[in-house]
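What follows is chain A paired twice: with chain B in the first complex and chain C in the second.
Now for the complex of A and B:
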């Protein structure tokens, strides 16, 4: 049984957000749903300021609060480390969302097909490029790409992809549909500077095993006891002196 | 003498005023609007509420008015059994007159609490999953525990209301042989005139069981929804147990005072429900509110003295930041001032005014509604990780649901008054 983990090299991340784009395209997540997200943090005081970019996939915790609180068992933990959501079972109570300290959960507030970019089938977007919706303008020549992998069941459960139903919660799945085929998650595959790494910790030759042997490895909000499986190399934990980049000057403590 | 008592007690069942029909019509109109709002939500999705995902990019609160409304209803639902326990277990017969008035309040409000949860779900059509997977989830999920205790509480309270009402129903059936026969006959299934001692015994044990259930509900499963979540600053903590329990008991007594005053006034039952009931209930409410204000102080002092930064930010938002106007108005106008009056009327009987006690209780109920909002929402707007600070603005749909569930509660209560004796027929205190 493999033991998957995710390692992020903060010394390399440059905040390009290619991982965010890749995740979106791969998983068809709707507007307002950033399963992969990159924090843009700032430290110091002008003129001695510096950036830190911090990608944040789902932590796939080993002691996951979201799994504990789910009243129907839609959120569950697999033996190989994946923490997944069964979209056929979720009742949309959003308890997983409020129990997650990392804020990785995204609820389908709108119907997924009404929540895509460019609103292919609706009148939204009409008039932007002439009259009619984007789909009408191109004569529905190309429909938005729907990855057929997302319709498949994994472990007999519907856990992959983001645009299934209204009223259910979704989050980063570490691209379970790709890992199944031996491919890394979309974010990892698309990072132009190889800042993101994914692999099996039980394989002593894997990238992630080797990276973890270096010093300065830490995990986010470790003190909450969630046992996240995402490790950060380099950089520092966000905190008082490593803040959201648009914190107002008055609120910056010296 | 008994015949005259029963006549007074039967006033709601022997005649209906025009104003009653007017009130009922207005309530039904509000309920109708609420149903329309809910259908809009079912069709379009919860996007029609002001709730949004916390963190980025939406920076909102995933739980809002529906959840705080739910907690508020559960709090008031403790009223019935609190009063009944006092009467039956402590044998304080003098409060008997408001027994059923309080019990019906419990049954109606606990149903509304459940309704608010269902309305909050993204997939209410899958609610049965909570039953299907109960066996595997009840060991871990605070929501599964919640489901258990609320179902138990509803069942026990309804049973209590029903069995203690049987004798009066039999009296009604004798008095009005033709009317409501389709309703009373099945309810009086296997009624025997000599069943009273047995029923009293069952009711006593039910009351004794429901009292710890109250603690398991409002000092247990409800606060555990919040207090066990290390994720949210301001939620996590052991104080939530007693904190929520105190709020619930305060809401409960305040609710009983408000409803009993209105019922007493509506049917001119000033000799049946004496002033002393309200003076004493007011005194008890004064003590409970004091405890609650103390809990608020405790919580804020603890955070201010040496709290971690995320907790401190939430406290700042409440005391000096954007929630400050709401917080201080709630605390001073809704809790402290009513508490002061209630204490005054408790120690100086001449200061008692039925109307002032009613207004104090009403202010406290509203304040506790606001306080539940301040528990649920601010913590969600200040996540631990450096996301943007969130905003939450309830929409017309959420306000319609709040108004609608309150209107539905009142309507169901009025329906009960018209169908069943809200005032006990035989054992009420004499004029």
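Now for the complex of A and C:
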């Protein structure tokens, strides 16, 4: 049984948001749902200023508060480290959303088709391209949110593609449908500067094991005792002298 | 134009060897006290991805990035709407656009910057996301270099809108 971990090398991250977009494409999350997010932090006063970029996936905690509060056992911890939601069981009570100190849970308010950037059944194309719906423009090809991998069961539970069902809470799955195939999560695969790493801690030769030997390793909000599986390498923990200078201001169209 | 000194400045830029001259923008009045530069954001490719729904969700709006202390000296806080008014030192022409201030520390107090990914007016995903600074950069005598790149530097003033 592997013991998966996720390592983020903050010395390499340049805040390009490629991981955010890779996640959105792979999992087809709806508008306003950012399972991966990159915080932009600023430290110091002009002219002595430092910027740091901090990607924030789900921490897949070893002591996950969301699992404890789930009244129906939908949120569970797998032995290999994944913290996942069983969408057949989830009743959408959103307790996990409240309990999570990292804010990684997003509730699906709409049907998946209405949740997408272009509502595919609408005649949205008429205003943009002259005529026809977006579906007609792409020849009614299989639209991205119908990736069949998300419909499969992993560990005999429906855990992949949390943005695809109405009234459930979705969050980063570490791309369980890719990892089960031997591929890294989409964010890791798409990082242009190799700042993100995913692998097995039990394998002493793995990339993550070697990176964690380097030192200056910390975990986000470690003092809360959630035992995150996401390790940050280098950089600095956000705090009073490291302020957020960039936020997505637009209201979330939930 | 020539009566205003344009000919002299223009031809001075076409000497075989580069010669320093006072930047044209420094001829603007003293109340145009800030330099305006433009930049590209890491998410976008020029201005042709602004209508990409995924990207403009991350960067939804134009912002005038300004040093915190410089903004405070003008009575501005983060998020305030402002007029950015440019001055063409040759013709005396003034142009202005309206955008919101974003205060950061990582910029000189005498400089402001705006990205030029915005300013679309047709596409439903790209319109109403703020102006492009290109409309207030002067083009013409004194502001275009002899390498055909356009020197997008101009003096501006920022006032509360």
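Following the convention adopted for this analysis, the second predicted complex is superposed on the first by the 222 of 254 C-alpha atoms of A that agree within 3 Å, B and C clash if a C-alpha of one lies under 4 Å from a C-alpha of the other, contacts with A are read in each partner's own complex, and residues count from 1 in each chain.
Keep this in mind: a contact is a pair of C-beta atoms (placed from the backbone, for glycine too) under 8 Å apart; a residue touches a chain by one contact, two chains touch by 3 or more.
Just so you know, these numbers come straight off a predicted model, no measurement behind them.
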{"item": "Clash-or-fit label for the pair chain B, chain C on chain A", "value": "fit"}
{"item": "Which superposed partner A:117 touches (first chain B, second chain C, both, neither)", "value": "second"}
{"item": "Which superposed partner A:45 touches (first chain B, second chain C, both, neither)", "value": "second"}
{"item": "Partner chain(s) touched by A:98 [first = chain B, second = chain C, both, neither]", "value": "first"}
{"item": "Chain touching more of chain A, residue-wise (chain B, chain C)", "value": "B"}
{"item": "Partner chain(s) touched by A:15 [first = chain B, second = chain C, both, neither]", "value": "second"}
{"item": "Partner chain(s) touched by A:2 [first = chain B, second = chain C, both, neither]", "value": "neither"}
{"item": "First, second, both or neither for A:32, with chain B first and chain C second", "value": "both"}
{"item": "Minimum C-alpha spacing, chains overlaid - chain B and chain C, in Å", "value": "8"}
{"item": "Chain A residues contacted in one complex by chain B, in the other by chain C", "value": "32"}
{"item": "Parts of chain C lying in touch with chain A, wherever the complex brings them together", "value": "42-43, 53-55, 57-58, 60-61, 67-69, 79, 104-109, 123-124"}
{"item": "Contact set on chain A toward chain C in their complex", "value": "14-17, 20-21, 24-25, 31-32, 42, 44-47, 49, 51, 117-118, 127-128, 245, 248-250"}
{"item": "In the complex, chain B residues that touch chain A", "value": "44-47, 51-58, 62-63, 117, 120-124, 126-127, 129-130, 132-133, 136-137, 140-144, 147, 225, 229-232, 309, 380, 383-388"}
{"item": "Of all residues in chain A, those that touch chain B in their complex", "value": "32-34, 37, 39, 41, 56, 65, 67-74, 89-95, 97-111, 165-169, 220-221, 224-226, 238-240, 242-244"}
